[in-house]
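By written order: A, B and C. Residues from 1 in each chain.
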Amino acid sequence: MDDNLMEKVMEEVMKKMGDTKEVKKEAPKSSYNPGITEFVGTAIGDTIGLVIANVDHNLHGFMKIDPKYKSIGIIGARTGAGPHIMAADEAVKATNTEIISIELPRDTKGGAGHGCLILFGAEDVSDARRAVEVSLKELDRTFGDVYGNNAGHIELQYTARASYACNKAWGAPVGKAFGLIVGAPAAIGVVIADAAVKSANVDIVTYASPSTTSYTNEAILFISGDSGAVRQAVVAARDLGIRLLEALGQEPAPSSTTPYI
Amino acid sequence: MDDNLMEKVMEEVMKKMGDTKEVKKEAPKSSYNPGITEFVGTAIGDTIGLVIANVDHNLHGFMKIDPKYKSIGIIGARTGAGPHIMAADEAVKATNTEIISIELPRDTKGGAGHGCLILFGAEDVSDARRAVEVSLKELDRTFGDVYGNNAGHIELQYTARASYACNKAWGAPVGKAFGLIVGAPAAIGVVIADAAVKSANVDIVTYASPSTTSYTNEAILFISGDSGAVRQAVVAARDLGIRLLEALGQEPAPSSTTPYI
Amino acid sequence: MDDNLMEKVMEEVMKKMGDTKEVKKEAPKSSYNPGITEFVGTAIGDTIGLVIANVDHNLHGFMKIDPKYKSIGIIGARTGAGPHIMAADEAVKATNTEIISIELPRDTKGGAGHGCLILFGAEDVSDARRAVEVSLKELDRTFGDVYGNNAGHIELQYTARASYACNKAWGAPVGKAFGLIVGAPAAIGVVIADAAVKSANVDIVTYASPSTTSYTNEAILFISGDSGAVRQAVVAARDLGIRLLEALGQEPAPSSTTPYI
């Protein structure tokens, strides 16, 4: 069988296999609009952005939302909570909205971490929609320092000035530099948390582990302080975390998009 | 290479690939009996039905089961809780059993939802066995309005007359029409819950979200009221939910079996 | 197209497919050292063993570790908690360390069970490292009676003399024979727990189900007593459990390594 023939066969086969594998891969998320009023868009991590102009009065009560927020913006995802909360943090800075609630399911489609459900409250629907749009747009950036392979993931986040989403979710002091260090499996998280605080003079906001999260397999460190120090601590954790994850998984642990820190 | 040859190669290759993929697909669940007294049968969702004629006295205490129930029927599944609770609801109507407990693990084999462990209590083993048999039989129907794709799932349930399983699990008023609306990721659940209560005059029994479930990535609405109104609300949620799930997953979200509502 | 040709094509195709499938399979875990001080080794179950010689003083406080343990040994895994706790039990017997904490995330990479995060405390780093090394080495054995297929898993553990890890995690009486019986989905766990206590005269230490674990889909029985009786009960549960799991999954449920009980 000549090489040309073999190549042709392989091409055909791979095309067919590609078709079946496509289903398992995350579908490319162009923000296609299905023509539904509530739909705003989609993004990486099986993220969907939605808006409700006037939440039903009764449901409003059961959801325990402050009555003044007639309109809500919604960010929900299967994979990721950190990237979404950081994105929402930019959204509340940029719009006339408040964070109503942040919930953290145990998800990531079989991975070790969280999904999320974030609600923005607004008096006007255009503000709620804008907050969702800003969040969706930020996600490509905030997924930049999420590194993963078959064994787990590490996630780093950094902001020079934390706002109300970081405060609501993690108790970050508003207006100060803030960093997030996640390692999964949790054992890696413990070691990179230790490396982070040893590498720079930062304040620990809090430490979380499986028994204090949604039973995710993550250890998480939240730090605050001088912006240079926070960044340095996050970078130290990242460098060690990637190496440990690669040692465990015995394969590279690349960024989900493009690193930003 | 002529087309005939290519076709033959593809056929062979696909057959081989089919073999390897088969493992990942759910095995066909004919109710094959392994010759174990406790075994009743299996069903969709990696569901197993079991019965214990006389629960060991000591274990009975540790399981905190009312001593009068010597016999227990057991329904357990990796995927699905709603379909199983609806099925159990029919089973308690049809047999001389009571629901002892309903527990909701965080499962679905990497999906966004629950598995379940349902125990029926009976004074006589034949009643316990019968309850399990009825439940297993109902599951094909109650999985009918579970729609899923790579991005998540939505689930709808409706009964004209709720019984003790719906009451135990969800506080449904016994004897009244009852509906269940689930969306995963939870963001979709919020929007279809709102659409449901706006579409018909129904009573909200309760609303659940990741922080009040087993950290599943679902928002869930439980409704009660006039049977026509409950059905109408459920159908409105279903129509919107399927479209949103398809917009997020960019592929169809078909029924697991055959819709029944 | 002659058979020879077909075979050659299939070989090529399978090779290519093998490449892509390899990613999903667990990478072979030779204890390759990435040259990081904290790294001790890896093992089955996406397990990583790590050590911190001097935990940062501030982090120490946030982790609520007794100040006398300057050094900590860390065992973390995506899949398995029972095998790791049993391994840690041997490690505390063999070294001058104590168990600081055992946390049980909801993990197993889409499976029905737990992952783990186990911390050993030591005054000297060589003790902490030794405890991690012993644990990693024990894992091949303690995974021996973990049986799994597409439908779930069962896990059995047995020790003639429980030590402090079994005590910390499960309340096992120190110095007595101890057994662990896990079935997933939980329905199988209930039935094999009942079979175990009926087969021999053992004491129930406790019983756990989804609502009292990290929402895993497992029912778990912990037993203690005469070593012959505990072993007999565990073996009875194992024999029934494997048959039920195979009936549900309609495929064999082999041991993860080599049975030891």
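Keep this in mind: contacts are C-beta pairs under 8 Å (C-beta built on N, C-alpha and C of every residue); 3 or more make two chains touch, one makes a residue touch a chain.
Since the structure is predicted, the reported quantities are computational estimates derived from the model, not experimental observations.
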Fill in the blank from the handout: chain A turns onto chain B (C-alpha superposition, degrees, nearest 5) by 120
Exercise for the section: Specify, for the interface formed by the sequence copies chain A and chain C, whether it is same or different in terms of residue numbers shared by both sides, with half as the dividing line. Expected result: different
Handout entry: Distance between chain centroids, defined by C-alpha means - chain A, chain C (Å)
Key = 29
Completion exercise
So chain A residues touching two or more other chains come to 9, 13, 17, 106, 109-110, 214-215
Problem - Residues of chain A touching chain B in the complex - result: 5, 8-9, 12-13, 16-17, 20, 23-24, 26-29, 32-34, 36, 38-39, 42, 46, 48-50, 52, 55-56, 58-59, 62-63, 72, 74-78, 103-107, 109-110, 115, 117, 119, 214-215
Exercise for the section: Could you pull out which chain B residues touch chain A in their complex? Expected result: 1, 6, 9-10, 13-14, 17, 21, 106, 109-112, 150-152, 185-188, 190-191, 193-195, 197-198, 204, 206-207, 209-211, 214-219, 221, 240, 243-244, 246-251
